[in-house]
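In the two complexes below, subunit A is the common chain; its partner is subunit B in one and subunit C in the other.
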Partner chain A sequence: MKQHKPYNLLNKAEPYLWILPSVILMAIFIIVPIGFVFRMAFSQVTKAGLVKGFCGFANFSKVLQGAKFGMVLKNTIIWTILVVVLSTVLGFILALLLNNEFKGRKIARAIVVFPWATTLVIQASVWKFIINTDYGALNTLLKSLGIIQQNVNWTPTPEAFFGWEIACGIFVTIPFVCFTALSGLQSIDASYYEAATVDGASYFQKLWNITLPLVKPSLTVATVLNIIYVFNSFPIVWTITKGDPASRTDTLVTYLYKLAFYNGKQGEAAAVSVIGFLILLVCASVYMVSTLKKGDE
Partner chain B sequence: MKKIIAMLLVLSMALALAACGGSAAPAATEAPKADAPAATSAPAAPAADGKVTVTMIAAQYGPKTGDWWVDFEQKFEAANDGIDLVVDCVSWNDIYTVVNTRIANGQAPDLLNIDVFADYQADGLLLPAEDWCSAETYAKFYQAFLDQSVVDGVVWAVPDLASARAMYYNKDILAEAGVEVPTTWEELTAACKTIKEKCPDIYPWGIDMTTDEGQAAFAYYTWGNGGGFVDDNGEWILNCAENVAAVEYAVGLVKDGLTNSDPANNTRYDLQDLFCAGKLAMMIAPNALSAQAGEAGVNYGFAAIPNNSGTSVSAGVMDRIMCFDNGQSAEQMAAITAVVDAFYDDEPYSEWVLMEGFLPATSAGGEACAAADPAMGAWIDIVGSAKFYPTAKAEWADVKQGVIDVEQQALLGEDVQTLLDNLQAEIAG
Partner chain C sequence: MDSRYINWKKAILRVLLYFVVINVCLVILYPYFVMVCTALKSRSEIFAMEGTILPIKAMWSNFVDIWYRAPMAKYMLNSIIIASGSTAIAMVCGIPAAYALARMKFKGQTAFLGFIIVSQMFAPVVLLIGIYKVMQIMSLTNSLLGLIFINAAFNQAFTIWLLRGTFMSISAEMEQAATIDGCNRVQAMFKILLPVAAPGIVTTLIFIFINAWNEFTVALCLISTDTIKPLTVGINIFNGYNMIEWQYLFAASIFAIIPVVILFMSIEKNLTSGLTAGGVKG
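After this line comes the complex of A and B, so read on.
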């Protein structure tokens, strides 16, 4: 037995050694930068980017006392909830449609991927062009169809602008939800539906009692990832409005970008980043724990 | 055996990664000590072949900038055998991040071409211009330009180029509406109303109050009303009565429907596109619009910016070259001076300014540019009398964003006086 001890030890250590490179890569590219952001958030940073030493919670208190932080946080929550919820609902419906057998299904699936496969900046630029008052595609189309005679200003208020940004966010997020849900749908054994049909279950009864519970794990993963992606999304808001006018369409990410690179307040920007990180951590954890618990029950 | 080999490979990979991380990551945030910036930055070190290296970061003004600097490097090194010049040409989108990262890494360049300098000066990172700029080159600059880079009586940077703003107008639209080129606010309002009435598909006046350049709109109207950012003593006067009236006037033009539809989101580039498409009658723009409008076939003219105080003021924008205090030796300082002298030599400098489509910062450059392009002469006169943003003041970044915010909130219906009072209190205490 004694001769086998080193071999056993090696055997036990082997899995850990295999994941070691990933752990090291994560440490370097994720944990270390997060550590530096935390350090910066608690430091006095000059406009030239020099870290001048520990300043406690000074950056946090400046950010929290700022007149705009509350509004920006509210915008971020509205942006995240609307984009995640609506894209999940629409993406799931689209997945149900694409899960049916019909002619041209492969082409339809390929088309759904397009918004996801295109760079967000390009997507947002296209949306900005479509809704432009003076030379936008929407006005041109409606005029050529004779529906309108004069150009319509589709973005007369900051709220309208924000609404278009949310619409763009939903449009680019749907494909991800759709394909995650589709993968879940395809793994459901057809015999469940056959049995339910024999028992006389309606379409919605099957959807509610078979499809949804079995797709739930896929949708949970998609939702958690979406909360993180959408909360941290920068290109759409930045390309369309840069958070203007007067931060009415800013989210935390565009707000902190302006703080860091337009106002030169990198310490405060890092503090906003830490606040966002903590909010995400709590939201994602609560959602994940509650969903998985329900699943276990 | 295979398992042992595989594990050895994993271990070696892990160690290699750990080694990479260990050397690179912590250095990225090491800051030079406040009291000894010179000791922590990378000096212009002698190159391996015994040459003195001068490093420079240059702003990329246009598509030809990078090639021009490569050519300049080659010619300079051919003429100066003992100097290795290394120029990194960086786009405006990235330059602030690149410079700040290099400073934080203790790798500040010797020379930097950028627009702002006050933040670097405030951290004690710069050398006075007279330490690295020869008397001959120093004497070439317009004094008004040098004055923009003075802090505590010392010039910390020298100008590399400038641009000035004037009012562009579409001659055909003005003729169709039967209005003269406006010179005062009263005439401007009347002209806009007439254009709106006679040419309903045309925007009479262009205003950009975006995050991109809203501070320029603040400057045009407040300077044109006898106000501005600072008084004669350099104290902030953001909430003076002239400024309040000026912002109210500009916002009034928007609310009366005499301007582009969304000044908080239409950038100057959007307005220039509208002007070149013949959809905008008048706007304030830099001299670069001449080329764009000419190419688009617009029958344009330019004139002084309309004002309400009897004196038209043009807004000038100026970029700079500065030298970081990297603890250079006398030999290295001489090499830096040689680079600066070569850049401002009349021939290459004029060629560079003309190529970039801006206005020269030296009198000799001005003469050369005026000779090469007669239209440039009028602009050189305009820039000579232009006012500049108070970029030498440490609060400038906050003021710039602050006035843009005031304009955008005023567009949403907030009270201008209250907004400017709040900004003044925030900036000046």
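After this line comes the complex of A and C, so read on.
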């Protein structure tokens, strides 16, 4: 037994050697930045970005007392909920449609891939062009179809702009939900439906009692990932309005970007980051608890 | 009577299905249609009082002009370098980690998996201030190498997630047999597991490539020299504060989109099942 000891030690260390490169990569470029952000959130930071000692919750209280923060937080929550909920519902319905056998299904699937593959900056630029009042494509289209006579101002208020940003967000998120739901749908055994049909179940009974419970795991993963991505999504708002006017279309991430890189308030920006992280942590821990439970089963 | 009623109902449902699917596809394609049409218009035509849907005279020269008006070739090359470099690093680090998670049992395994999930919550944009600091310390601000590392690191979670799912779906028996025949673990992985896992690996590879190719926020923040910008940031040269050259912006965008859309279509099926499988298996 004794002469085997060094071998055993190596054996025990082996898995850690395998994960080491990945751990180093993530440590330097994710964990260290997280550390910096937390440190800056609790420090006085000069305009040049130099950290000048601990200052407790001063940055947080400055952020929370800021006139715009409440509105920005409200925008972020509205943005996240509307985009995630609507894209999940619409994406699921689209998946149900595409799950049928029909001619041209492959083409339809290929088309649905487009918004997922396109970088958000470009997608948002096109939307910005489409909704323009003076020369936008939407007005041109509706005029030539005879639906409107004069150019319509689609973005009379900042809220309208924000609405379009939400629409764009839903548009680009649908494919991801659709395809995850579709892969769930296709793994359902057809015999369930046959049995239910024999029992005289209606379409909606089958949908509710067979399809939904079986697709739920796929949809849950998609929804959790979506909450995180949509919450942290930067390019759409940045391209269409940059959060203007006066932060009325800002979400937390565009707000903190401006705080850090335009206004030189890195301490406050770091505090906003920490607040955003805490909000997401609540969402993710719900998910983590449920997956880890599954792992135990 | 009854069967005729059912046939009618089926036919109507079919028509309805086609109607909805075709309309959805038209809506999805509309922005791309606008993009192509606008890219082919002249500046004066875009801003004309009475706009037209299709270009009156197709200006194919727009697609040539962009290469002179901006360092498009450089942008393209930078995007390729960033995406390939990130993919290479992400795979070199991710494959062994995914292998260990799929095939070995060790202390801290759950914690490591947990960290991977938590790391997903920190989008680069939230950590930009911290990332900027790290880049300053390593003197990697305003460099392609810096972007490569950031993209590789933030794609680790997906890489490991997807690959672990792939590896777990493959039986370990063959590798065990090979080990008995005298292969060590590294050989067994390279010779036996990786060839079988090739479809999953290619899917992961392409997915990371696309993510890095499409990345905008970190590049926007870290890169200030025009000639080392990737396409996503570079094309905004046509998106000025006072004047937007829509025709050039969209012509350049088309070059940025096409390779990615084609790549994405090739992996879509494997990717979605991999994403959910990795998650469901926890």
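In the analysis below, the second predicted complex is superposed on the first by the 258 of 297 C-alpha atoms of A that agree within 3 Å, B and C clash if a C-alpha of one lies under 4 Å from a C-alpha of the other, contacts with A are read in each partner's own complex, and residues count from 1 in each chain.
Methods note: a residue touches a chain if its C-beta (ideal position, glycine included) is under 8 Å from a C-beta of that chain, and two chains touch if they have at least 3 such contacts.
Note that this is a predicted model, so its numbers are computed, not measured.
Visitor: According to the stated criteria, A:Leu25 is in contact with first (subunit B), second (subunit C), both, or neither; which is it?
Guide: Touch status of A:Leu25: both partners.
Visitor: Which of the two partners, first being subunit B and second being subunit C, lies in contact with A:Asp199: first, second, both, or neither?
Guide: A:Asp199 contacts neither subunit B nor subunit C.
Visitor: Between subunit C and subunit B, which one touches more residues of subunit A when both complexes sit on the common chain A?
Guide: Larger number of subunit A residues touched: C.
Visitor: Who does A:Gly243 touch here: subunit B (first), subunit C (second), both, or neither?
Guide: first
Visitor: Please indicate which partner A:Phe161 is in contact with in the superposed arrangement: first for subunit B, second for subunit C, both, or neither.
Guide: Touch partner of A:Phe161: subunit B, not subunit C.
Visitor: Report for A:Glu14: first if it touches subunit B alone, second if subunit C alone, otherwise both or neither.
Guide: The answer is both, since A:Glu14 touches subunit B and subunit C.
Visitor: Touch check for A:Leu50: first (subunit B), second (subunit C), both, or neither?
Guide: first
Visitor: Now for A:Glu101: first (subunit B), second (subunit C), both, or neither, which partner does it touch?
Guide: In the superposed model, A:Glu101 contacts neither subunit B nor subunit C.
Visitor: Between subunit B (first) and subunit C (second), which does A:Asn263 come into contact with in this model arrangement: first, second, both, or neither?
Guide: first
Visitor: Considering only the contact definition stated at the top, list the common interface residues of subunit A for subunit B and subunit C.
Guide: Residues 14, 18, 21, 24-25, 28, 32, 36, 40, 49, 134-135, 261, 266, which sit in both footprints.
Visitor: Looking at the complex, which residues from subunit A come into contact with subunit B?
Guide: 10, 14, 17-18, 20-21, 24-25, 27-28, 32, 36, 39-40, 46-52, 133-135, 153, 155, 158, 161, 241-248, 258, 261-264, 266
Visitor: If we count contacts the way the header does, which residues on subunit B are in touch with subunit A in the complex?
Guide: Listed in rising order, the residues of subunit B that touch subunit A are 3-4, 7, 10-11, 13-14, 17-18, 20-21, 25, 28-29, 31-32, 34, 96-97, 100-101, 103-104, 119-120, 122-123, 125, 210-212, 260-262, 264-265, 274, 277, 279, 394, 397-398, 400-401, 405, 408-409, 411-412.
Visitor: In their shared complex, at which residues does subunit A touch subunit C?
Guide: 12, 14-16, 18-19, 21-26, 28-30, 32-37, 40, 49, 94, 97-98, 100, 102, 104, 107-123, 125-127, 129-130, 134-135, 137, 139-141, 143-144, 171, 179-180, 182-184, 187, 217-218, 220-222, 225, 228-229, 232, 234-235, 238, 253, 256-257, 260-261, 266, 269-270, 273, 276-277, 280-281, 284, 287-288, 291-292, 294-295
Visitor: Please output the residues of subunit C touching subunit A within their complex, sorted ascending.
Guide: 14, 17-18, 20-21, 24-25, 28-32, 34-35, 37-38, 46-48, 51-53, 89, 92-94, 96-97, 99-101, 104-106, 109-110, 112, 114-115, 117-123, 125-134, 149-150, 152-154, 156, 160, 185, 210, 213-214, 216-217, 221, 232, 235-236, 239, 246, 249-250, 253, 256-257, 260-261, 263-265, 268-269, 271-273, 275-276, 279-280, 282
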